[in-house]
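Presented below are the structures under discussion, each in the form of structure tokens.
Here subunit A shows up in two complexes: once beside subunit B, once beside subunit C.
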Partner chain A sequence: MNLILLLPASCLIIIIFGFPLIRYTWLSFHASTVVTGLEPIANNGVNWIRLISDQRFWQDTFQTVRFAALSVTLEIILALIIALILDQRWRGRGLVRSITLLPWALPTTIMALGWRWIFNSPYGPIEQFMQYLNLNPLNILSNPKVAWLATVFGDVWKTTPFVAIIILAGLQTISNDLFEAFKLEGGKPKEALIEITLPLLMPYILLAIIFRLAQAFGVFDLIQIMTGGGAS
Partner chain B sequence: MNKINPWFVAICIWSLAPLLWQLYTSFSTSEALTMPLSEVEKRWTFDNYIQILNAEPPFWRYLINSTILSLSTTIITLILSIPAAYSITKLPTFIANNFKRVLLSAALFPYVLLFLALLEVARKLNIGNNLLALSIPYSALSIPLAVLLISSAFNDLPDGLDEAARLEGLNLFQRFRYILVPLIRPAVASTSILVFIFSWNEYPIALTWLSKENVLTLPVAIARIAGSSVYSVPYGAYAAATVLGSIPLLIVVMIFQKQIVSGLTKGAIKG
Partner chain C sequence: MSLILNNIGRKVSRNWIIRNLNLRVENGQCLALLGPSGCGKSTTLRLIAGLDKPSEGSIILNDKDITSISPVDRKVGMVFQSYALFPHLSIAENLLLGLKIRGINLPEQQRRVSNILSLMQLEGYANRKPSDLSGGQRQRVALARALLREPMIYLLDEPMSNLDAQLREELRTELRRLILNKDKPVVYVTHDQHEAMAMANRIAVLRNGELEQIGSPEDLYHKPSSLFVATFIGRPQINQLTNENKIIKAIRPENIYLDDSGLECKLIYREWLGNNQLWLLNSPKGNLRMLCDASLSVPERIQISWSKNHEHLFNKYDGKRIY
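Let's look at the complex of A and B:
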């Protein structure tokens, strides 16, 4: 009886996740071109060999790893700071929390275009500021060497709230008694951050890293729209 | 206590500045945007809004499409996830834990990899431009997290409760309707909001499934504005679209901040 309740959800998951994966695996060992009359025929792993020996594939992989590593690192640092601030008891904390969440909640496409406009050359605010200072234009998005940094920035802006919320939850599990005891023992507040807060937050930070890495490797809309698929 | 915390202000600026720039852009004439530092005759305008609201189809069409899609996805997800989550709590611990592990990896899976094969299915079944059909893969992508969140809420209920209700003669549906679901309402609420936001924002699958102008969702429609020309993006009109498209989410975040936070936290920690 109980298993019947589980069945519809499981079936749907198996179909939507399972079919594409099986299909890809099957296709990856077949060729389907004009030569074969558009009929898929087995080609004994030639696709895989071609992929592994393709320079572009390794370059793309390198760029994805680089993007994920840098953006997740920055997100953790920034989120830690934001969480420490949000953990303080001040007036208007609820409102600030809502505002912090906004970047995470808005569609990536919307903000990807927003960033494209902000980084726009020559009309975006950044280039205008450079002009105002009589400096050379940066041409951030049209220069492949730095365009990926702009996408990292967009990703950090969007997903830091998510990481901050997880770290904040971790902060709120730490008992105040620990800090009291540390103070009685003669510890300074700054040391308490390193001696108590960070070690106790570690599981939460690791959790956030795992979640974020999984998402960062699948990032698509942000980069497609910000750079037109060019940089990564 | 009445002083404003400068750090709070810094966070607000960080989060809001790009949005405020969009707001400024949306009310600016194109002359004002191309020559921001010089005097222009006319700086402020409503034209960008008038333009997207009078376009064919008008902009609110996309808002309605996204709302329909997000609501139907949320409803399907809940209908399938609540019974599934309940049944997981009745499984032996060992099996339930492994099941949850599978769900967690599905929830973490970069779903963007799936969209090509899903598109093949949509073409075969000829359901490409159907919003309600699109909510089926959306639900499948949302169910893993939804089941994890809801089953952890079921687990937190007192042990004998379900059994006692059963002995009182309530059947399964009645127990869901009158006892179990009302008690886990907070978890259901935060799950719904997370699913709603996911479906509202989803892009790769919507981009490939939807091609007719009048069924596009908001993210796809906005990306189309940008893609309409390689060399120049109509930023004024686009910014107006951004502002209008952000308002529903702004309201959702302001009202449901607590549920979102608890959903994200529980989803990450209990999962």
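Let's look at the complex of A and C:
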């Protein structure tokens, strides 16, 4: 009976995800071009061999992993700090909470254009500042060694608020009684962070990591606009 | 050895949540703070625990002024209404945490926790998470944690309000056995007059942040100092007779009896309570509740009366007791 109830949802998943996945896997072992008259002809995994031996594939993969790992790590750490601050009670907290969300509300294209201007050489404010100090220009976006860090910077700036909101929501599920009970037991605020806050936040942090990794691995617009793909 | 609250007051922004509160609890005594929600009873408990700071007055524990001492150094064993167990830790870890923080050595930690688990009949649950336990079991873990604290004073904040009626009765026995016999002051916050009467040596009735009356359960029942206390203590609720003059006469349902020469009434409904029954009667003096023996059958003509001694008289304007 249970399985029957799962049937409609399972059918949808099979049609939307399962079928294309199998089809593409199957196609990846075939050639299907104008030359073959658009008929798929098995080619003994030549596609895969070409992929594995392609220098650019490995370089791009490396770039993507490096970008995702660094930006998501920075986002989680920063967001945790921001969420802990926004969870405290202080004057004007509501306003700051709203402002914090602004970068996330901006369309990626707009904010990427903004960062491209800020990092622009020689007219962006950063290069202007370098000139003012009589230092060599950094050429941030055209230097592959630094450009990827600039894109990480842009990504962190934009998506930290999103992670902070998830973590803040998690923080607010923790009953204040727990902290008071901990205090009465003799625990210090720093110990409370390690013994109570972080373990109870883990599900929320993991959720944020999953969301962010999925997005960071698929990032395109940000890189394209800031560097024209030049970061790799 | 005792807990004394001297003229305690707490103000938040411009409102006094508690004001002019003077209380004294001797070691081995249980004081119940009783009142409707918002009367300041939980605030009082938090002030004693040190979780909130009083705006005026002082708190003395065992001849020492603890008003500005941190919550830890007050050594209070507190039981929260929500139990406040750490959901990510097992029962044993919950109990060990405090001992670990206070730097008690490992074998001693283990010994104390296994002792308390057997005292609480929770041996099989050491490795379970709080979410695997029933409400009553969680409450026992919370009690165990308070006991492990070896406190100077026990503070119980509505410890049973999340439990069903049967469990409450069981836990009362447990509470008496474990905490009320410890020769330490116990402050017990509740909104349930029945629980307060059952557990406490003395009851302080709070209303709008001020002490309405303090006394033994018998005092409060027999000589309520105001109409507010009279209606709050005793169930079924006390009857108020409508009167023309400046006095409100009140009479408890259990003090009303059938009397051939008494007030004539009509029966509105009967409520069967098992060992007795409650009649709601319509009389010339308004509706009256009468509590009588379960075996009593309704006579054709209902006439009721009560002894003058059982009448409580209150001032109509301020509700204070006149006689």
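Everything below uses one rule, namely that the second predicted complex is superposed on the first by the 186 of 232 C-alpha atoms of A that agree within 3 Å, B and C clash if a C-alpha of one lies under 4 Å from a C-alpha of the other, contacts with A are read in each partner's own complex, and residues count from 1 in each chain.
The definition used in the following text is that contacts are C-beta pairs under 8 Å (C-beta built on N, C-alpha and C of every residue); 3 or more make two chains touch, one makes a residue touch a chain.
Predicted, not measured: the structure shown is a model, and the values here were computed from it.
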| item | value |
| --- | --- |
| Which of subunit B and subunit C A:61 touches, first, second, both or neither | neither |
| Touching partner for A:107 - first (subunit B), second (subunit C), both, neither | first |
| Which partner reaches more residues of subunit A (counting touched residues only), subunit B or subunit C | B |
| First, second, both or neither for A:191, with subunit B first and subunit C second | second |
| Partner chain in contact with A:200 - subunit B first, subunit C second, else both or neither | second |
| Subunit B versus subunit C as contact partner of A:175, first or second or both or neither | second |
| First, second, both or neither for A:28, with subunit B first and subunit C second | neither |
| Partner chain(s) touched by A:9 [first = subunit B, second = subunit C, both, neither] | first |
| Interfacial residue positions of subunit C with respect to subunit A in the complex | 49, 51, 71-72, 76, 78, 80, 82, 84, 86-88, 97-98, 101-102, 145, 149 |
| List of subunit A residues in touch with subunit C within their complex | 175, 177-178, 180-187, 191, 195-196, 199-200 |
| Footprint of subunit B on subunit A - complex, ascending | 1-6, 8-10, 12-13, 15-17, 19-21, 23-24, 82, 85-86, 88, 90-94, 96-103, 105-111, 113-118, 120, 123, 125, 128, 131-132, 157, 161-162, 165-166, 168-169, 204, 207-208, 210-211, 214-215, 217-221, 225 |
| In the complex, subunit B residues that touch subunit A | 1-2, 4-5, 7-8, 11-12, 14-16, 18-19, 21-22, 25, 33-34, 36-37, 80-81, 83-84, 86-88, 90-91, 103, 106, 108-114, 116-118, 120-121, 136-137, 139-141, 143-144, 147, 172, 197, 200-201, 203-204, 218-220, 222-223, 225-226, 233, 235, 238-239, 242, 245-246, 249-250, 252-254, 257, 260-261, 264-265, 268-269 |
